[in-house]
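See the structures that follow.
After this come two complexes, each holding subunit A, first together with subunit B and then together with subunit C.
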Partner chain A sequence: MKREGSLLASLGRVEGLPTAAVLVLLYLVFIVLTPQVFLGYRIYMSFFQTIPPQLVLALGLTLVITAGEIDLSFPAVVALSGFFFAWCFKHGLPPWCGFLVGLASGGLVGYINGVLVARLRVPSIMATLASQFFWYGVTILIAGGLQLDIAAVIPSLEHRVFTGRIFGVLPTQALWAAGLAVVMWFVLNRHRFGEAIMFIGDNAEVARVMGINVEKTRVTLFTLMGLIAGFAGLLLTSEINVFYPTQGQGMLLPVMAAVFVGGTSIAGGSGLVAGTFFGAYIIGSLEAGVVATGIGGYWVQLVEGVVMAAVVILNIVINEGGISVLSGAVRKWSVPVRSGSGH
Partner chain B sequence: MPDPLTSQAAPSEQIPPALLLSGIEKYFGHVCALHDINLDVGRNEIIGLIGDNGAGKSTLVKILTGVFPPTRGRLAIAGRTVDWSAYSVLSAHAHGIETVYQDKSLGEKQALWRNFFIGREITLPLGFINVKREKEIAREIMLNTIGFRGKGITVDSRASKLSGGERQGVAIGRAMHFEAELIILDEPTVALSLKEVRKVLNFVHKIKEAGKAGIYISHDIQDVYEISDRFVVMDRGEIVASIAKKDISLKALDEFLLEYAHGMKDKEAT
Partner chain C sequence: MSISIKRTLTVLVVLGLALSSLAWAGGTKEAGGKQIVVYMQMGGTAGDASTLARTNGARAAAAANGVKLIEQYSKWDPQTMIDQFKQAMAAKPDGIVIMGHPGEAAFAALVDQAEAEGIIVTSGNNPLPNIEAKYQDKGFGYAGADLYDGGFLTGQAMVKAGLKAGDEALVYDIWHQEGRSRSSQGVYDALTKAGLKVDKLDVSTEVDSDTSLAIPILTAYLQKHPNLKAIGTQHGNITANLPKVLQAAGKKPGDVICGGIDLSPATIAGIEQGWMSASFDQVLYLQGYVPVSQIVMTKLYKIPGLHVNTGVGTVTPQNIAEIKPLIEKGVR
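Up next is the complex of A and B:
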């Protein structure tokens, strides 16, 4: 038995610790290489400003991947919810009103994804890929391809609450994202909804015969992911005070990377929310950090790739699942969910 | 602290059977899969359900577990007639039927305490799980209900750490904890080594000792004989024999089944 494993293995059982260790190590390396940047507080405040939207998305995606599903549509939701927020504000509605409309639009997209996946049994990779194109298309159409400048939102309470600065430096969105991480940890690990997600990702047939309403749980899960993506879009739009129709594009891969760097298994059945939290900060810090070290722009992606691969391998080794967990996952995504009406 | 594991229903005079099936028929299109099935299972009786592939065993089990309803017929669990429109896999537990499946009883990557309570969590307000309470009860079930002695296995272990026989033990312990009227064991020993089969059979004995009822389905006549109080033989969608254990030896049962199979083959030939 591997139960009496090494010290490394037992430490690895503390959720997210390997990923947190890598994050600390990464910052140490950056400090050694560019102390003038990484010994100051400004770079970290800038991370707290730019990383939260991606972190929020990664938290939602952690639950989706734990359920053995995938959502590729969240970048489009970031654009759609941002548009509604900006549009409502432009048309004289109060910011909180635009905020609610933006959230609701995300929830609606998520609900439709959930219905496609759970009720119509479209594999989630296809359903949400189509959804991604469709909702970007919708956003560009209704926005007329134009960006909306909402600098006037800055003095509003909404702006100060969600994307203000505490003591003039600390971006509030970092606290919102951290708070959401705590909530999501409890939802996944201590709530019956989270337990249902884990069993469904593990073996949907077991979940079904044990009395879990698999379809309903899947619909709720995708709706939740849509709401969370809507929230991320609001944080982004509120922070930069402008909506642009292609916002969110380019977020898909870094957000997925954050989840996997955090140690969540691609095969479903278990998810590490704490790992995702640190993973998002690793992914979000890499580019700025590597650029700051001055090794040259051509090297940035190569170094990022090496770090990501190293953390993922570290997590797999520590979680004693071995390499075998990797196989089968992609297969799982490309096969329709199994019928609920019996066979 | 009240012990939920040893609380038993008080004996009363006219106890209805744990399970009563009458006139069950199942058609798939024009094909008759089950014909006039009548079966009752006593409150502390273990029935061995025997039959070749295609005899209708699995169709019957699917009706009992709520996968699909029969075309006609009545099912009563502990005297309560089941409304077919309200009966499903999701509600079978609420009706008092627990099933131990060959391979879909446990979530492999989940801790054992979660596996005991999945779908029936003990919750705090807002649907959060009372982890402490669930673990206490899970520990209790493992120690006392099923007498679990797997080395280094705790309620925090993942199900994948357990051997095949131990997993079925967990599933049986779970079924017993939730006060099932009837526990269906649907070929729980398929694909297990002899040693693991032995473990499962020991767990099944606990069902009888705890005063519960069960239907044990297996291809292995020896196992069925050891476990069961009565043998119900199915063939081509009908119950063709119901023999109490005291009326037949293992050898005689085996010969009966062989003869029966041969007899059927002879009929086919003509």
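Up next is the complex of A and C:
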């Protein structure tokens, strides 16, 4: 029993495993309640189609939060990069050109954010909030408020590579997002840059004393977040074949929820990339799952909130050693009650 | 140079740029005579499918009449509309254009106050019939579709496209906001009257902003209800995403009859390709042009409020070709 308890506790400490367990549990519940939906492949393909942009954003945000900062400007970057991609295509430039311009626009926004935060010491929540309003306004202004239809991009190589369908079914953006998750994990956990991020998130002054260039790391971090947000905008625009001026605006809360459901501490100092990966799929599939159970009308939002709260609590219990408490309770319950003079 | 001096200089430069951009954006004054100033509630977000043509119409009327137009975007939130009306009143403009989403109870006292201060108030998109009747002689008019009738028309067009009694249908819209569900109620009633079994599904706040998020939700619903024959909505961006939803669910054009609203490029493509059977056209351009013109006519010539019904019908695969170029310009 002791071995079982410590096995469970050990498993609970594997990064992302508790959140993955919650995701699997959630899908099992959906399968039991709605087998005709969750035993088919289409619902999962629709998740792979729509969740990757949010996942990509959440991966970048995980690093930012690990450093003890926040970035609220990514919805605006999603719109800005999407606009440049669509505009370039509509004006006869090859899709890869629009792709690079879109990425560069995200990087520029991120760099400016980094300078504001690192060099001018503006709190990141204020700097990036202002950045969100400003760059969203810029996007609306240069777009003239117009949507841009780019359905003609579908046959292009860029579209096939980034948002095509493998075997006619599997969205490639899901693979790109998964690949980025692997890269981000290595950056955070096996690279000097990631180490610096964690030290800064823990205590920036101690990090400075240890020889870490805190300002340069922060600028690089926000620039990276800008590039990642730009990439998310490109995936979104390429997938839906339309640039909407409002795109990205609905992603702020779900992306942040994905990071925190994944177990990354809001206090900074540590980040769980694997947790964010599974957290994004939890958040991204909640509403669809609730709807599939047949709950309709005004009940969907309420039930979604209850399920999200349960997921968060379960995740916290598992991540904070609650699993060992649970295993202890299971152990206690499994000991037979002795009759007579027992002890 | 120390950090604090650098920061101070940067702040001053940024402030200077911001102030000069405000001055530049403010526009030029007319020579001789006071320029008419109009605050106008545009509705959603700048550039979205249900707002763009209205904005363009308002700007065209402002340009034609030399009006200084102040645009207000509320993301369709009734409380924001009220707050923005108060902000407009504080600026004491010549006229204010409002929408009826917050309801007459919320607006009545505020309109009374504005009228007492000599501000001309008129409305668009969502009516305020009692307030309109009270202040019509002072220029309170309405330019918009009758939302319920428009939705009903859309529902009827969907039935005509091939639905019959007993078929299953879904109306997916913002049911939790009364002001934004009048037209979808019309769709619901038209389908119900035709004998269909109609379900309602509420659009969440996140989907309202980023309608691509509706794809897995509607995919799940379609998988759960394999006999679904129709989807109706009166949300412009969800209308535009319906073809993608049906493709993700493995449907072909015509498998599910779809009815929507407004005319974005994606909706046009959906109609042309047979995914969409009908889209209610409320001629948003007129909803922008007429109210601004109304305020000018009342201010200069004391013309009473005009009630203009802009809901002229539905766009179908049969009539889409001729207005497509205008839609792409953001005029229709």
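Keep in mind that, in the parts below, the second predicted complex is superposed on the first by the 303 of 343 C-alpha atoms of A that agree within 3 Å, B and C clash if a C-alpha of one lies under 4 Å from a C-alpha of the other, contacts with A are read in each partner's own complex, and residues count from 1 in each chain.
Everything below uses one rule, namely that contacts are C-beta pairs under 8 Å (C-beta built on N, C-alpha and C of every residue); 3 or more make two chains touch, one makes a residue touch a chain.
Fair warning: this is a prediction, and the values are worked out from it, not measured in the lab.
Visitor: Just from the overlay, do subunit B and subunit C fit on subunit A, or is there a clash?
Guide: By the criteria stated at the top, subunit C and subunit B fit after superposition, with no clash.
Visitor: Name the chain, either subunit B or subunit C, that contacts more residues of subunit A.
Guide: Counted on subunit A, the partner with more touching residues turns out to be C.
Visitor: Go through the superposed model and pick first if A:H91 touches only subunit B, second if only subunit C, both, or neither.
Guide: Touch partners of A:H91: none, neither subunit B nor subunit C.
Visitor: Between subunit B (first) and subunit C (second), which, if any, makes contact with A:Q36: first, second, both or neither?
Guide: second
Visitor: Just subunit B (first), just subunit C (second), both, or neither: which does A:G211 touch?
Guide: Only subunit B is touched by A:G211; subunit C is not.
Visitor: Name the contact category of A:T50: first (subunit B only), second (subunit C only), both, or neither.
Guide: Second partner only, subunit C.
Visitor: If we overlay the two complexes on their shared chain A, which of subunit B and subunit C does A:G250 touch? Say first, second, both or neither.
Guide: second
Visitor: Considering only touches as defined above, state whether A:V291 meets subunit B (first), subunit C (second), both or neither.
Guide: second
Visitor: Quick one: is A:R121 in contact with subunit B, with subunit C, with both, or with neither? Answer first, second, both or neither.
Guide: After superposing on A, A:R121 lies in contact with subunit C but is clear of subunit B.
Visitor: Could you tell me how near the closest CA atoms of subunit B and subunit C get once both structures are overlaid on the shared chain, in Å?
Guide: 14
Visitor: Under the contact rule defined above, give the subunit A residues that sit at the interface with subunit B and also at the interface with subunit C.
Guide: Overlap of subunit B and subunit C footprints on subunit A: empty.
Visitor: Would you mind writing out the residues of subunit A in touch with subunit B in their complex?
Guide: Within the complex, subunit A contacts subunit B at residues 1, 3, 186, 190-193, 195-196, 198-199, 202-203, 205-213, 269-270, 342.
Visitor: Which residues, counting only subunit A, touch subunit C once they are in their complex?
Guide: 34, 36-37, 40, 42-43, 45-47, 49-51, 119-121, 140, 143-149, 151, 236, 239-242, 244-251, 253-254, 284-285, 287-289, 291-292, 294, 296-298, 300-301, 304
Visitor: Sort out for me which residues of subunit B touch subunit A in the complex.
Guide: My answer: residues 62, 65, 67-68, 89-91, 93, 99, 101, 104-110, 114, 118-121, 123, 126-129, 131, 151-152, 161.
Visitor: Under the stated contact criterion, what part of subunit C meets subunit A in this complex?
Guide: 3, 6-7, 10, 44-49, 51-52, 55-56, 175-176, 199-202, 204-213, 215-217, 219-221, 223-224, 226, 237, 240-241, 244, 248-250, 264-266, 269, 328, 330
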